[in-house]
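Two complexes follow with chain A in common, the first pairing it with chain B and the second with chain C.
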Partner chain A sequence: MDTQLAPGLERFDGYDLQGWLSPEPPEGIVVPRNLRRQSDSPHELPADHFLLNLGPSHPSTHGALRCILELNGETVMSSEAHVGYLHRGIEKLAEHRRYSALATLMDRGDYAASIMGEWAMVRAVETLGEIEVPARAEWIRTAAAEVCRLASHLVWYAALGVDTGAMGVFLYAIRDREDCLEILEALTGQRMMFNYLRPGGVAADWCTEADLKLRRYLKKADEYLDEHWEALIGSDLFQQRVQGVGVVPHDMALSFAATGWVARASGIDWDLRRDRPYGYYDKLDFDVHTMTAGDVWARTIVRFDEMKQSVRMLEQLIEMGPPEGEHIAKLPKVLRLPKGEAYGSVEGARGELGVHIYSEGGDMPYRMRYRPPIQYHLALADTILPGQMLADAIVTLASFDFCFGEVDR
Partner chain B sequence: MALDRHTGENSLLFIKSEQLFDWARAHSLWYLAFGIACCSLEGLIGASGPRFDFDRMGVFFRGVPRQADVMLVAGTVNYKMAEVVERLYNQMPEPRYVVSIGACANTGGPFREYPNVYLGVDEIIPVDVYIPGCPPRPESVQYAFLQLREKIYAQTPERLKERENARR
Partner chain C sequence: MSTETMSTVGMWSTAFVHVSCILAIMIFNGGITIYMLRKVLGHLHLRLGPTELGPAGIAQLIPDILKLLVKEDRHPNRTDYWLYCLAPAMVFMPVLAAYAALPFSETLIAADIHLGLLMTLGFVSLVPLGVFAAGYASRNKYALIGAMRAIGGSISYEIPLILACVVPVMLAGSLNLREIVLAQQASIWFVIPALPSAIIFFICALMETGQVPFDMAESESELISGFSTEYSAMRFGFMYLAEFSGNFVMAAIMVSLFLGGWTLPFVPDAIAAPIAPVIFVAKCYLIIFCFMVVRGTLSRYRVDQFAALGFKKLIPITLIWTLVFAIGFKVFTMWGGGA
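Our next item is the complex of A and B:
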């Protein structure tokens, strides 16, 4: 059972793990070589320290993250995040996909908010090919992206609830997420992995069913968000649990290239939707919430406010109604781009999601680079874990909302 | 399972222990909360949410493989993850079942051209139920559990035969 590989690739028979480990691993314990960076003898932990392997199968790592924590009692002394458990070569495979088929790969990158990845890709393609996008397509994209952002934030909110010990929150959040997915299903035909955005527009026009479902959702959205506030975020217990935990200082956020809500929670007032408007955002009225504390609480508040702003934007969009016209620009069936390169980025659900396309001419990109915001945030989280209690480390990891399709690509 | 048909009452139940265990097993399939990729959002989170409500079928998540009956392989398995998947499978107590969710776990899916990716999780561990889709809907994951129930019931005669053989 073998399949044809992409040109230039060979199937290999697994990793040579000995290279990763020490020259002479001690009996019974496997320690990564670079775990103890300061020590000359990397395999000798102090007598009262021990290693805890968190993940990749751990309910609170949200995917394929593996953190090797060195603990002293309950305090994390050092942390090393291992990625690559979901590496599946999205960037390499993109070199052998036509531009209209790239969306399938981008969907599976940031899988919780698929529209964002697609949009970043089509923005890069449209910049390079100088394609004019009809206003109706931009309206539909904006509406779909905001619904998708809500669906993605609700997953994070559910996970945050579970990780702080509030299981009921999970049920409420998933109830709302189903409503969001219903809208997207009516619009695109699938609940996830939409494959909906095309260079020059969208695959299917705005439809009555999606319109009705969106209106029905917006009617109860405010009530739902109030419920979430009462259930988790507004409660004293939760506030005491998360305030002062997992602090990302302002300068650290800057130097680690944090974007999106992690940056905004640390006092960096930057939102691509407002500062470099794309789509329909320049015609919408919304606020960008910024906090300075940089802890889990600040991130929670910033994200919760983003959900409220998404609902507000959707209300405005519905009030405007989709502009008349085509939903996709007239383009040849096989899109060929000129030689050159372009970068397209959107304010994804998890930060600035960018796609850099380098074209040598022809119908496929020569190289595609995916800028995953979460990879930068993962480096940040890994740096701030030491010094925290183990239970706080779990909450800190949950507050960053990792999505490993994106980190490992 | 057989009720007492002579009296017409269900106060008395004649059943072999294998049948009883299989009945209990089929109605409390606890799965391992181990989401690899995108399919976990549909197969694990969406299906256990309030709308699709896995709990009413006796299906509930466990964080530890030693307490789980079913392993849901929800996502692409690459060479680095394969080790973990195999290890988790070996940590689960017998009898254990594996449900492969989605195109990636079945065949490698959209990533099968990439050399790092296994062409299906059945290259590593035996799979009982395959669910097509990318990702499959939560309903199909529930249907897979119904199929798994059927499979467990179908195994009861085998278990009975095994016991008789052991007695001889």
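Our next item is the complex of A and C:
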């Protein structure tokens, strides 16, 4: 029987995908090739192992991750991550957008912390065009980025709570995030997808409303963070769940090019804000927290400390006040960059977020490359999943804080 | 009509009335618990719960129940159809039967059985069987993992649960729930001499009813909805109702064993006796409220930690405590000349 199948489809003749309880495979079921395990050909699935398709629509895959897990009882034997469900071709689209319009695309990369993507892009453009950025713009960018970082980290914290079963913390974190989003709304006019940063500055000046809202938030921020610590991170039950789970050893973090808090939790003392200062960070006083354990617990602590440092930085920024001057450099309406290439990167909410722009001259990039930190961490997560319990695998995935707008681009 | 037929008819009609009353209580309890759950969890989570329909949103129950009733009853392809249909009943019926021996007051008991406590616990421990049937018949891996976890949980918590009941039974000298309450009325609430048992019973009741931190069988973030993933409409409604009724049954057993059932201390009998069922139900909802606060606050155990808690901690602790208490009780009754 040789019926013609569409390309990419293969006749199913192996194990029963729907349930391993029935020994005989179903007749004539056709499955897409990507549903089959890559290790199909080298070895058959042992009789007591089964496949579990986790995602792309699953309560705890945070976006559109699909993991095909081979389970033995509750233990993950192998894992295969599939991405691309949110692919929009951002890099290709960028080849047909003027430099000032790239921010809208960057927003839709890491959509939980949009300012970071925009900043990486404008940094690349500014390096290539040798554009001088006014101090006031740098101050506003730094403040907006730190508020955005807080908003993004709070989503991670909320999701971590839900994934460990503590529904309670979710809405507490969302309450704080609401405050952060209101600050950004007052500043940029949007709650997400800000489209705020421009080559040479920012789209709108710092305003009284944002100032007031930021001051109001900072007054209670420390108290709120302590509350979060008490509600989830300080509890014994949570610590039992996360300590020693999902360990990323130091050398593994290095070889997988882990950045941001994943690297810092594995003992790599590296933070772009401190080591390659940009924006206003060289004028701010903050600590970079590093841990060596590399487990979910270490990542949680490092990230939680980042939130505290963000609050500290915002307090210092508010105390300094925005420097006088223009909020955007005087530039021609249509920005044309010389031939050449440049890389701009920032310490994003999820690690080193970089944009590489190659210009052939003209008002659009010839090629843009987006470096999503999460993609590197995803490979890392996929590697450390085998050997864990299913419940731990969920917590491990949650601890990497995936954002699939960024991975799939 | 002979007297024998008369008595048979009488027996059946009494049974019918009893079962109808219990069903009514179950449905009523379901309604109250849904509303309470939403309000309590809502306020714990900085929300308000339902507010729009009726005073304080209480009428929200009506569309909720209507929705369950009129929804399309779907079942996935290639399920084990009969078992799939039967499973909600297998979850529902034991809980229904468990109500029989609950003493709402000295006289208001559907079946005043001599081994009432044992019977109730026996019926309650049949529930995981229905859960397993549901997970197995659904032909969904998430459901099956959830079902397996339910069985694993059942093995780990049944023993400490029953051991925790031993101390009050020793104190009362009876397995009849009514007599246990009467014994507390005569002396003190057993929560005072048997506090460790009461705490362990509370933990095991949380496990029994499958609530956070012990909701592995459902664990929404891992298994989507666990054993009930493939259920919808009223079949799901029955599981839901059984879960809430399970809460009530466990709370009622706890109230009868440790918290003096329908009695109140320092209140003369003349006042307490007419409102005995109200006191009993109010105490039950107080316990359910405690369940909900725990549920809204804690995070979930991992399945192996859960088993370790049952086998390595709860069972040894209850065994030692029961032994110590039994020796102490024996010595006390020998020297004190009977209690």
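Quick notes on this one:
Quick note on the criterion: the second predicted complex is superposed on the first by the 366 of 409 C-alpha atoms of A that agree within 3 Å, B and C clash if a C-alpha of one lies under 4 Å from a C-alpha of the other, contacts with A are read in each partner's own complex, and residues count from 1 in each chain.
Definition applied: contacts are C-beta pairs under 8 Å (C-beta built on N, C-alpha and C of every residue); 3 or more make two chains touch, one makes a residue touch a chain.
Remember, it's a predicted structure, so these values are computed and weren't measured experimentally.
Shared-chain residue A:58: touches chain B and chain C both.
In the superposed model, A:240 lies in contact with chain C only, and not with chain B. Note on chain A: of its two partners chain C and chain B, the one contacting more of its residues is B. Contacts of A:175 after superposition on the shared chain: both chain B and chain C are touched. In the superposition on chain A, A:158 contacts chain B only, with no contact to chain C.
Legend: residue contacts after superposition of the two complexes on their common chain; A:394 is shown touching chain C, with no touch to chain B. Contacts of A:343 after superposition on the shared chain: neither chain B nor chain C is touched. By the touch criterion defined above, A:85 reaches chain B but does not reach chain C.
By the touch criterion defined above, A:358 lies against neither chain B nor chain C after alignment on the C-alpha atoms of chain A.
After overlaying the two complexes on the shared chain, residue contacts for A:286 are found with neither chain B nor chain C.
Chain A residues in contact with chain B (one complex) as well as with chain C (other complex) are 58-59, 170-171, 175.
Of all the residues in chain B, the ones that touch chain A in their complex are 32-38, 40-42, 45-46, 48-51, 61, 63, 65, 75-76, 78-81, 84, 88, 104, 108, 110-117, 119-120, 134-135, 137.
If you check the complex, the residues on chain A that touch chain B are 1-6, 9-12, 14-15, 56-59, 62-64, 84-89, 92-93, 96, 104-105, 108, 111-112, 155, 158, 170-171, 174-175, 177-178, 181, 191-193, 404-405.
Residue ranges on chain C touching chain A, taken from their complex, read 41, 44-47, 78, 136, 139-142, 144-145, 148, 212-213, 215-216, 219-222, 224, 296-305.
By the touch rule above, chain A contacts chain C in their complex via residues 18-19, 21, 26, 50, 52, 58-60, 73-74, 161-168, 170-172, 175, 232, 235, 237-238, 240-241, 389-392, 394.
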